[in-house]
Every structure is written in structure tokens, then in C-alpha cells.
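Questions regarding the structure given below will be posed in turn.
Which chain is which? They are A, B, C, D and E, in the order written, and residues in each are numbered from 1.
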């Protein structure tokens, strides 16, 4: 029981990190630019949310499998294989969680009073500095809410993960995949135990994350 | 193809409405109150996100099924049955989508400058008025982002929906369920067609919703 | 290196037991199971997932694997047989004896696997068609995306009857009752094969042999399967 | 005759810092000025009177109505106090244009606009030189325009007590003199009791009959 | 000798409204006051000079350096103009305490604080009477305290041109006089060219040697 727990933590935290970084980047960029077709691009970035995870997983393995365009290249260039590895689980979770981080970050960045960014510029800040020292801290609360959802989703995700990483106990079987497997196998007591563990894990992580994010503003 | 499309629309829009109303209510309440254990309650409200949808569906059946405590009461009191109906699908989707609406709404309400709420009070507004005339319009953008995610999730969700609504061909088969079936059956062309339909549907809906929400502020 | 066996989800408990016994007989060898829906397993192998043995719940999926040249030629064999049964909630007062009995208005809702994607559902559809009952039962179906879901509906008495494999029915003996066996035109057999891309073909062959051997078969029978 | 009778004790807290206020003022003058150095507690006192701060002890009586009496357990919420407040930093509703900001306090949710409300707002817009920006959002206004909107918004619903926190500080001299005189005349005419914070001698002279000075949260001369 | 040579044309747009500005000013005085009625365009001109508005035509030259010359395609971004601006509504960083607001312009991301920076900030805090609120967040400050933080923050990095938008309007008379004199002395000492918007005659007299009046976006007398 400890092994899947640790694996779940590792996968979910890494995936949240990746989805978070990309989501914050994309959200910031979309908040600072205006262009034709932006609404459509925004909707496209949310698409991973709208596809059933299993289906998403299916398309992911088509891309990154040994015979997929990306997979072939990864294999040839670096000898990396993602299918049936925990890194593959990270990838699947990150894709599924990305829209959550992105949408929250974009909304948070758009709420920032542009005068504060301007004030920073008159004080000599480059755009990079404005981002790190003003925009990001001010968007912290909204981004935090998004990352909490991302983390929860990454912990709970099993459809895409199962497809990409497989269901290999001790290697790629996360708690959620294990729950799914237990339900399919008719092992209700195990499913219940695992569900309780996942719920507690999630609550603990979210409460901890909240504490960390507690800003002097609140 | 048309029937599942319309059903998907109907289910997703209604579920978003319900999850949105409850999420906005809960988010507003949590933003306006401070109490011990709030962090834990917040995490609990996010739980539907962390449970694998299939598991969530399983527990929903236990509750609202013919023999579940809520289901029995609904049946006895109103003759309402939710299992194997599209209303059941709405319920399942709404439960799955709720955390998205809630988290986004709470973050948006918390960003509002409290002086604006106070100004409204000095002008004679009741708390109800403050909510409808000040807080809600000011939180619009953040809430909009959350509802976009909720809608996407409700369109894409099938794990819980499938459990609760069953798969009654032509009656409760949503697009997601159909895609999932097609992928499982190895019918790639059908899966791809359906995926494209769902994606286009989602993009159109989100772009439309964005237009509607376009505030004079942006 | 571990032996990776992709097996249909309905084999989960039986194969876990088989695996344990196999490891005891082959010290130093480790079997890792990858349980999922047969269709998903096939997709994974198509995309190059490192699998050594594939055990499907139906012949159709195995056929598709063969068509895609994923199987080591000549390695495909059947290893078990199952039967389709009708189950009713344990507390049900009804005792149907045949598919025809299910046309009684008392069976307003009948659960089965989705014919297109769940093997048991396909067998059900064929059997119903063979009995000439598809018209009579058409409006009563509630399809589940897995046999577990069907069984769950029956166990909670949300449906009046369900069609599942005997092996699945045995998983919930307290809440469901097997009413009758459904005759199927083709036998419900489970195929297993070595994967062509595997580089552990010796161990893969040994595992298949063990499954088909007397000890493997004994374990499978404990879980309700019959010999092929 | 208008009277205000106020006694207020409260503490402000933030990590590592606190500020306490203990102020009593009692005036039968129609309009009273509250003076004092920056950071003395003037804005805080106004907010306490308006009912915007929690944990205020003391009493607030205006024209015989008791709005707060912590000993008798009376503490009307801000919306029932009928007190108009011009915030030092305006607190205009950013999503409403100028006209709607002014109409805000006159309109109740789900009810039609009271008769005369629109005329009243039109008159205020004209009087405060805001006709040209009637449909502008606050963020498209100049500093002085914002200040005038804040002033007009507070006056519009006809509060029983008006609290002005440096209401003319952002205006150029000509406009300031004009508005100050109009304001004095208007407040006199409608007999609206007023408590005014201002750093400008002329404002005080023109608008107030009595002066209260506070420093460090205490009254130093009445 | 310090000179500023500025010519600016721009248009502000919002739905249903537009405002256009065409202002030239040329001064060899160390400090120049920009006067004009509310809504004349003073704040907008300052923002254009600081490089905060898009689509500005004309030129901005300070002490011989060209910061903007739309004809020659020169348009330095705000961060490279080295212009300090006190916003009319302060624009303090809400997540940074007073000290960090002041340090903001002195610190560069990933570099150690330059030597002398801390002393400089300490001196400013003392001079502006902000010692007691050094660790307070902006929302826990009084109006006058906020204004002083905004002023000190703009001065701290030693800009080559200082733009002040009513920098003393929220201060009580005593403090205003003290700060005004100190400011005049300090600006004189470090020879920091300054453009000042103020409605106060005394401020203008004490701080500026030249006056430019604008109305409706046009210079009416130099």
C-alpha cells in the first residue's frame, strides 16, 4: 500500500509542477496579449478537459508510443520510452491537468491592476522582473486555487494514465488506477480502502498547500 | 449522431448550471467567512475532483439508487427516479464539475476589494444586493473561467455519468460514452469522428460563452 | 527482467493467483500483470508497449492482434472457457429459467455489457438474437461498460436481471444469484499468445504452458473457469 | 436642529502593529470639521461612524437616532445607518459607469427606480461638471473627475449624515472654490449634517462651523 | 544644466468617448509645474512622458538624451527611460511592505542589493516620517502615509527626471510645508529635473521655477 501511495505522490506532484509551469506561462501570455482568434485558441487549450481521459490516453499513446511520431524521435534521440513507465503517467496526468492550471492562471493575471505593472516598469523592471516580482505574487491566490484543482485531478486521474503507463503493480500502478482495477475485479473492500487513502491524501496535500500559499494578504 | 449530440448538450449545460449555482454559492460563502477547519472543508469540497469518476459514480448509485437513502425518498415523495435517466446523468456531471466552479468562484470573490462591498453597504445595500450588484459582476471573469472548465468537464465526463445514467442507446448515450465505446471496440474511424465532433462542440460553446461574458472591463 | 502479461480485467483475481503459483515454480522469475479492458490492452501493444504475453477475454480482440501481426506465430492457444449466465438480485422472488422468461413484464430493466465493446455483451446479443428475442427485449437493456458495472446494478437491485459470465457472478455470491446458464452459439473461450516483439519468449512460453498445465487449470477452475 | 453625538473606541491591528482610537465628539453645528495630522485616525473614525469596522465600542447618535450603543447592544449595520461616506480613495464601482455609480444608492434590487431619482442624478451630474463623462467607466476618468463622482454618489441617496474624507483635495483651485460653495449651499438647504475631513483651511472655513482636532487617535481640542 | 524638451500628441479612446492631447513644453528650469483644470490632461501627459502609453507621437528629450522621437523611430520602453513617476492614485505594490516598496526600484532580480541602497531607503523613510510604518502593508496605511510612500518610492532609484502628480495633496498643512521644503531642497541638491502637477499655489511657488498651463489637452500659456 505504501508503494502505490508514494508513486501517486511522485506522479501527481511532478505532473502538477509541469502542468502548473506550462499553465502559468500560457495563462500569463494570453492575459498580456490580444489577437484575433484568441477565443478559439483559449478553447483549444481547454480541450484536454473535454475529451474523456481514456480517449485522451489513446491519442497520447498514438503520439508517444514506440511507433508514434514523437515516441520514435524520443527513442532514437535519447533512448526514452514513455509507454508503461511512471514518466508516462506523469505525462498523461500533466496533459489532463493542464487546462485547470492554465484557466486559473489566466483569470488571475487578468485581474491584476495594470497600473501596478506600469509602476514597476517606471522603476526599471524588465518584463521578466515584472512577472516574477509583481504579477506572479499578485496572481498567487488564483493560481493557487488552480493548482489545487490540478493536483486533485492528477491524483484522481486514471483513464489516461492507465492507457499510457499501464496498470503494472509496483511500477506504474497509481492509487487511482489501483482503485479502478479493484472495482473492475470486484474487490470492493480494497476499493473502499484505497478510496479512503486517496481522499485523506488529497485533503492533507491540499491543506498543506494552502498553508504554504497563505499570503500576508489574506 | 444527432441524438447523442443533443443529449450531451442538454446534460452538460444543465449540469454546468447546477454546479455553477452551487459552486458560486459555496465559493461566496467561503470567501466571506473565516473559521477553524476551513482549509479542511475546502479540501473536502474538492474531493469529487480527486475520486476516480467511476468510483464517484459507484457511491452516487449507493445514494440515489432505488434502494439508496436519497433515491428511496425521492421515489416515495415525488416518484422521481434518477438512475438510468438523463436527469441522473445531469446529477453525476454536476457532482463531478462542482469543484471547478467552486474553486474558481471562491478565488474570484476573494480578490474583490472589500472597500467596494463596504461602499455598497453605506449606500443602503443589503448583503443580497451587494452580492448581485457588486460581488458577482466583479467576480465575473474568474467565475467565467471556472464555468468554462466545468462545462468542458461535464461534456467530457463519462465515468460517473455512465454509472448513474447507464448506457441506454438513444436515451442516455452521451457523446463521451459513445467515444469511449468506440475506442474500446477498436472502431478508430468512429472514435475519431466523434472526438472531432466533441472538440468542435466544446470550442463553439466556449467561444460563445466567452463572448457572452465579455465584460466592458476587458 | 520481469515478464509482463497484459490480461483482460475479468481475469484479475484468477491470474493473480496463477502468477503467484508460477513464481513459486520458477524461482527468480517475476510476473507483472497489466489488467485492463481487452481493447485498451490491444491499443497499448499496437503502440509498442513492452508486453510479453497477451490474454484476451474474447477471440475477436485476439484476431485483431493477429491481424496487426502483434502475436508470435503459432503461439496462440485457448486456455479457459466461461459460460454466460443470467443473474438476479439475491433477494429477488423471481426464478427465471431461460431467456424467454425475461420477456415477462416483471423484468423491466435488464443489464448487459455494451455489445460493441464488452465481450460478454456481444455473446449476450448473439444469444438473444439466436433465441429470436431481440425485438421483445430491445427496450429493456441497460448497457454497462464492463461486466462489473452490470453485476453492480444487479447486486444493488437497480435492475431486475443481468447477463454476465459465471466467473463474475461468483464474485458477488451474497448479493446476486445465478438463475440459469445462457446457451451461446459459439463457446466463450479465452485465448492467450506470446507477443511477437517480446524478447523474453522463453519465459513467455513457459508462462503460457503453466496456465494450460494442470496446476494453472486447477487455479482457474477455483475461480469458475472451465478447461478450454 | 441637527446634532451629532459620537464616542468611539476601537483598535486597529495588523501583524506587529496596532493603533488605538478613543474619540468623542458632540456637536450641534450643522457641519463639523475633523482635522489632524496624517495618520491621526480621521479616516478610521469616519469608517467607524459609518458602521464599517467591527468591534467598535461607544455610541453614535445622529439627530436623536441611536445608530450604535455598544452598552445597550445596539449596532445598526452600515446599510441601515443612512450615512453617506466619501472614501478618501473613492471606492468607485469599477464595473458601473458614472451615471450608474450615482444611481446605485437610489435603486433597490428588483424594484423600479423611485420617481425623481433620475432627475436627481441628472442635477448632480450637471452640478459636479460630470455631464460629459456620464457614460464613462471610473478607470477612464481623471483624478478630479473620480473624486467628484465619489462625492455625488454619497450625496445622491440623501443620507441623514454625510461623512466627507478630503472630498475636494484633487480639484484645481477654481473648481474647488466653485464646488465648495455649491456644496455648502446645498448642505445648508437640505440640512444634511456633515462631518468633514480636510487639510484645506478654506474648505474648513467655508463648509464647517465647528472644528475638532485629533492626534494619535485622541481629541486634542474641540 | 537641466533641460526638458517635450512634444506629445496622443488620443485616448473608450467606447463612445475620446480625448486628444497635443502638448509641447520646453524648459530649462530645474523644475516646472503643470497646471490646469480637472480633466485637462495633466496625468495623461505625465504617463506619456514616462513611456506608459502606446501610440504617442512627438518627442521627449531630457538633458540631451532622447527617450522618444516618433519620427526617428526611437521609443524607449518605460524601464529604460529612468523616469520616476508618482501616480495620482499611488499604485503602491499591495503585497510589499513600505520598506520593500521603496527598495523595489533599487533591487534587480537575482542580484544583490547595491551598496548604499539600504541606507538610502532608511534616509528616505526617516525624512518622510515613515519610520513607524516601515513594515506595514499599503492597505494598513492612512491616505497621507500612502502618498508619502509613493513619493519616496519614485525618488529612491534616483531617476533622471521626476514626474509628480499631486504628490502632497493628501497631507495636512504642517507636514505638507515641511515635506515641500525638504523636497525642494533635496531636488535642488541632487539636481533632479522635475515636472510637477499640483493644484496648490504654495507647492508650485516653493517647488517650481516655471509654470505651464494646459486646458482640454492643449497648452494655453507657458
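What we mean here is this: a contact is a pair of C-beta atoms (placed from the backbone, for glycine too) under 8 Å apart; a residue touches a chain by one contact, two chains touch by 3 or more.
Owing to the predicted nature of the structure, the values given are computational and were not obtained by experimental measurement.
Looking at chain B and chain C, the chains that touch each of them are A. Between the contact lists of chain B and chain D, the overlap is empty. Hopping across touching chains, the smallest step count from chain C to chain E is 2. In terms of the distance between Cα centroids, chain B is separated most widely from E. Mostly identical positions are employed by chain A and chain B in their mutual contact, as over half of the interface residue numbers are shared between these two copies. Across the assembly, the chain pair joined by the most C-beta contact pairs is A-B. Chain centres were defined as the mean of their Cα atoms; on that basis the chain farthest from chain D turns out to be C. The mean-CA centres of chain D and chain E are about 29 angstrom from one another, to the nearest whole unit. Between the Cα centres of chain A and chain B there is a gap of 20 Å. One finds 49 Å separating the Cα centroids of chain A and chain D. Chain centres here are Cα means. That of chain C falls 77 Å from that of chain D.
Residue numbers of chain B whose C-beta contacts span two or more other chains: 58, 180, 183-184, 216. Shared contact sites, meaning residues of chain D that touch two or more other chains, fall at 89, 137.
Within chain C, contacts with two or more other chains are made by residues 40, 43.
You'll find the chains touch as A-B, A-C, A-E, B-C, B-D, D-E. Listing the residues of chain B that touch chain A in their complex gives 39-40, 42-44, 46-47, 49-55, 58, 99-100, 103-104, 106-108, 110-111, 141-142, 144-146, 148-149, 152-153, 155-159, 176, 179-180, 183-184, 191, 195, 198-199, 202-203, 206-207, 210-211, 218. The touching residues of chain B, counted against chain D in their complex, run 113, 115-116, 118-126, 128-129, 132-134, 137-138, 215-217. On chain E, the positions that touch chain D within their shared complex are 12, 14, 16-17, 35-40, 42-44, 88-89, 129, 133, 135-137, 140-145, 148, 165-166, 169-176, 199, 201.
Partner chain A is touched in their complex by these residues of chain E: 47, 50-52, 77-79, 81-85, 87, 89, 91-95, 104-105, 108-109, 137, 153-154, 157.
Contact residues of chain C toward chain B in the complex are 37, 39-40, 42-43, 61, 64, 109, 111, 114, 116-118, 141-145, 149, 152-153, 156-158.
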